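Each remark here refers to the structure printed beneath this line.
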């Protein structure tokens, strides 16, 4: 469904603009139906950049990204709107992701309005309240501002908003790093349940091996923008070939 | 576990005046930390653990109201005026802030910011201060010394900044250090390294430390005693092994089961926000073993010589 | 950073050409035929008899009948070669007139700005650290009041008190420091509001940052943490505002220069616009634009010197 | 409920805003209702009582043509304030559009727009005023055009800086990811987050704009001699500052008072809109 | 990496120092250098020690215009009248009658040639003799540098036809050539005024004062006494003239004792300043007049309407209340002290009833009772345009607005910068145009009339009258002054009858003196002011 073809992303920096840093260096992979792919690596290794490239929030310096065979770079407005509907992202720090001056009543109804999923206001209210119950979120959240709620609740709202669009692929960019351990468990449980029910493909970006092992079937280990190893969960954990992966796995096992 | 505790609190509680009402963030905390020991406060965000850390060093914003007593080496520091309290802060009582990214002055080199503490409290000698800083950086395993000292905060990674703050806290050899969430937002490898370095630092300097974290792994590797906090109260208190291996309070059990290596069994519901606190035992809405008694009464937590490992629950 | 400076200079040149071209075109739209206006400001009085022959002689003397773009082109050609042309009214080389006026404009402008800066920054800092205190309200009321006083009011009142009644200070004339005081105070009062407001908002933002709590935790007193940590971080926005104000100094103030008979560029520019003295006007505008660009450059360099993030770009660790 | 209102209006931070509201109500009263009460003809000359000092009968005294200054200030109010508000309004509107486009589009568009803004900033406004006088002739609407044409650059510069800080925020990529169109992002995300600051800055420039209008009247653009426009009266009274200071002082105070109340209003609105300033309980 | 960081910080600070250093040096340098340019512009010879005689005082004048330019050919009024550095061939007495000055006598050989015999033994300030050859050069130089002089004087060329005799030939006959030789721009200057390449060095004249220094940036002209002056030397040693364009500043500088003499003070301050013990104010009428030109294409086509408007102007109130006494009501175009003035005419009558009757006769009746007269459906409403450079004009416009309201006319006032007037008049959107016209630029009885009443000039305002052209042609040919005065009087009578231009008040000027300045004699022929060289300053 989604394919990266030797994608590279580089930044120019330094005093005279001569210094090139490659965030993502010639990465190719593809994600099929209902797959659970994990991107594992230390912070700063470029895994978040890959997520943003997939979401077309960043343009690749070289290579291309295709969705169902069509390069997302040359998509028309309607194709792009459909792409946005089907490929969604969960960000890392939930509270910062919402417009500080918009109450949740409007933020939650935004996806419905953009893709006019509801033909009438009543239907819109029905969809929203349905989802609110499913995610166990109280109605009084509607009149709150993002700064006034906890991280866990914010992340739940983010996932709910995405789910309304019934996307094909969800990219989770370290969704639980900023959350406490117990809340992390809730969110991951929720995510798992949602994906299984609507057989949504997942690309899970994280640096935490245990979380990746719990959520994904296939793992790609990334170091300095390059994919150093790829394989099923068990291959990576039990029989790591690349010595960097081995170092990563051993250090976490103690 | 011997002699006079370095830090002792009696019925400590903190309230914030917000708009026209007031928000209870912390109520009747009774804790004592002994010389050379590490007490770890384990709890989710919103449980008030950082508030406790801040109140020891009086770092609250002006709308905070602190009640109860705090003793440092037997002396009641809550009674001191700001002027009298000032010499203690930084010299005897140190604090390592939580969000490393924004807690360093972006326009000054990290070396200068750490030297400042030494020159303020130990000896105002530029050379000696820089030497002390480089030693501390080496102790904390920072690379590219001594040039790194001239680097600026924006040139360092999250983990490195965290260790610089630890160095800053300990640069004047304080008696007591509060370390707030040293591993928040770090990836697994950095987290392991920071824990190792802090443990090493604590052992070499024999410093008394209050460790605040939500990560059980950090508590497990560094703490002597552990206090589990929930909704502004300590719900379980005891030595590390007792609390982690045989937890008494259902919330502690829930925390441990939620760990990835224990299979992600989450505790259902949310931790209550400070403005609408449930009645009775604060955990009753989420507690699997909740009975009517828990909803009506409010269980007490009494630490005594005899009973070291206690929990604030009727069914403990 | 060097690349940054070069880019800045190129933009500056574009702005200079843009401003001079725009003003050339726009002034020709001003009321009154060019030749007639120039005639009435050079050879004859403005309400004397105007003969068509004289208008024609003026037109071909300064070749005003050429299309505007041609006239601008020739001015620009000479300007680049350093010849800014001769003023119609003063019949002196433009650069010499401007060079003569610059020292006076600068002495007045920079002293006025210096005092305004020295007064408003400390007040701004104090007010930021004591928000909503009495001083905060009083300073707000004063800033608005200073911002909306007509400058000629202030000038006339100052003259009345200090020159006419008390004979302490001279009204016009040059030479000693005493001559600068009155015009300087009039200018300075206009500059205080903006600097004060920027300092207050920038300082209060810095005070809310996490590193100020760290400073407090290090055991620094309130005063020490403000001087050692807060001050440095407040400077960049204040300096940018200062750069803007300095940029406008060269523009001078027509009112102050008229009332105090101070030979500044502001009055020179105003008169050249009224009498359609194109070369002189262009000369003044280009000088003011250069002043603006140089002060912007200085601001960027100073901010880069202060802020390592700009100077050294992204981190490498 | 009483405590709620009292604290909402008279808590320390909001007191400035309340004073602003009270002053604006006073101004509105004088501007709208005033002319009906003090309806003597503001332009009739009556040399019998030239330059009388403020008295019971003439609150602000009379001017060199014997006209009651108080009536003139009242009848001139809607002119001066109207012009100032129009100029600030139009200037801010253009400034916001240019600022947002430059900040949002970035790259070449941003560079070009910013160079135009810099040209406008270092361009003496008086030439523009003369050009407008030359092409369109005088009249208050043309005065508004002349003033707004120079003012917008100030606002554009400030709005661009605010827009860029919003563009670098975390919630903007999120808004694009959810599928918002460019237009929705501008109106739903950028505008609400910068409007607070812009209002504060716009209201601060009302005082100076009233005075700027006066210098243009001298060139023949905008309000003409007999009209009771404040700027004109302030400058007109200049000659009489020794003999009859009230002629120029009275409209001057009216102008300062208006600027003062609008500014307080602006800062009050700015505070209300900007949640960052609300006290937060740091409960973690 | 270490090196890189230190370097970049170093570069930042170094470039900052160089730029600001350069900036300060530039202005430091210029002030220094600026001193030299003005010094070179001042006279090369060291200033002679002010003679120790009684008159070693300095007179400080506050001039009302900014001194941009001291070229005697284009700014003669400043150099000849106010600075007395240069003199003219034919001077004028209080009655505007020609007097010999640098030329002792002159006569015209035929219509186009005039012969002037020069006064002997006159020296220029730089010591060179003022002989015929120098005078011829000076006249030709003036014509070449200032083209407007050619059109007004109609001189073709001047040549020396003897040791001290100069012949001037005109292109077309100009009966009043001697009067035009009185023009300030035609003053006689020495060759030393310009350097070899024609740039102005310093005005060299023959007058009682010579230029010591002119600082072009501060706009202050300093002149000192010329000791070997060809007639009685001046009483003062030194005079400084500095431009102070703001009337308030002039008034306050006078009051604060910073200047000793100034003119054109704010009208309303006159009484107050006069009462001060250290200041004295004197008011005089000058050869300038507040005119009101009618747009005869529109409402003012009918002579009766023009006469009615003139009668409805209460000139005495304007003079007392608006101009505060600086300018008496205008009876005729010219003032009595002008030799050719027809004193029998009195155009300043104020008779509102008569004016109303005239309006009714002209068909303008207030039918709908709104206070404004109408005629076949059109209201009598017009715009009065004027300019702000003469402070009195806007005030008069306001006064006329309410006075003409009594006559049933709705007047809108529009003041603008002088440049905009021309365009507005061409568009025709005006009823009356108020201006301050000089009636004796040259002390000639015909010059002003020709410029304002010849059909070529009045046609644009919709008024043509051959009678004027006939009389004007006659006047220009009358070489004998007496006949010329008679023709002028006839034109004056016709003008005051036809009234294409009404005259409101004489342009009064108020001179402000500090009490130290004594025995000032007013000279009516001056444009703004002239002061007699035997003026004194006591302590």
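Per-chain numbering from 1; labels A, B, C, D and E assigned in written order.
The rule is short, and it goes like this: a residue touches a chain if its C-beta (ideal position, glycine included) is under 8 Å from a C-beta of that chain, and two chains touch if they have at least 3 such contacts.
Values in this document were obtained by computation on a predicted structure and should not be read as measured data.
Ranked by how close its mean Cα position lies to the mean of all protein Cα atoms, the top chain is C. Seen from the Cα centre of chain D, the chain whose own Cα centre is farthest off is B.
Contact count check for D-E and C-E (C-beta pairs in contact): higher for C-E. When chain centres are defined as mean Cα coordinates, E lies farthest from chain A.
Distance between chain centres (mean CA atoms), chain C to chain E: 35 Å. Chain A and chain C have Cα centroids separated by 52 Å. One inter-chain figure worth recording: chain A and chain B are separated by 32 Å, centre to centre, where each centre is the mean of the chain's CA atoms. With centres taken as mean Cα positions, chain D sits 22 Å from chain C.
For chain E, residues touching at least two other chains, in rising order: 1, 5, 8, 248, 416-417, 420, 423. Among the residues of chain A, those in touch with two or more other chains are 15. The residues of chain B that reach two or more other chains are 45-46, 157, listed in rising order.
Only residues 11, 14-15, 18-19, 22-23, 26-27, 29-32, 132, 137, 140-141, 144-145, 147-150, 152-153, 156-157, 160, 193, 197, 247, 251, 269-270, 273, 281, 285, 288-289, 292 of chain C touch chain D when the two sit together in their complex. Listed in rising order, the residues of chain D touching chain C in the complex are 12-13, 16, 111, 115-116, 118-119, 121-124, 126-128, 130-131, 133-135, 204, 207-208, 210-211, 214, 220, 234-235, 238, 241-242, 248-249, 252, 255-256, 259-260, 263-264, 267.
Within the complex, the chain B residues that touch chain A are 44-46, 157-158, 184-190, 192, 214-216, 254-255, 258-261, 263-271, 273. Chain D makes touch with chain A in their complex at residues 169-171, 173-181, 184, 188-189, 192-193, 273, 275-276, 280.
Every residue of chain C that touches chain B in the complex is listed here, in rising order: 209-211, 213-221, 228-229, 232-233, 306-309, 312, 315-317.
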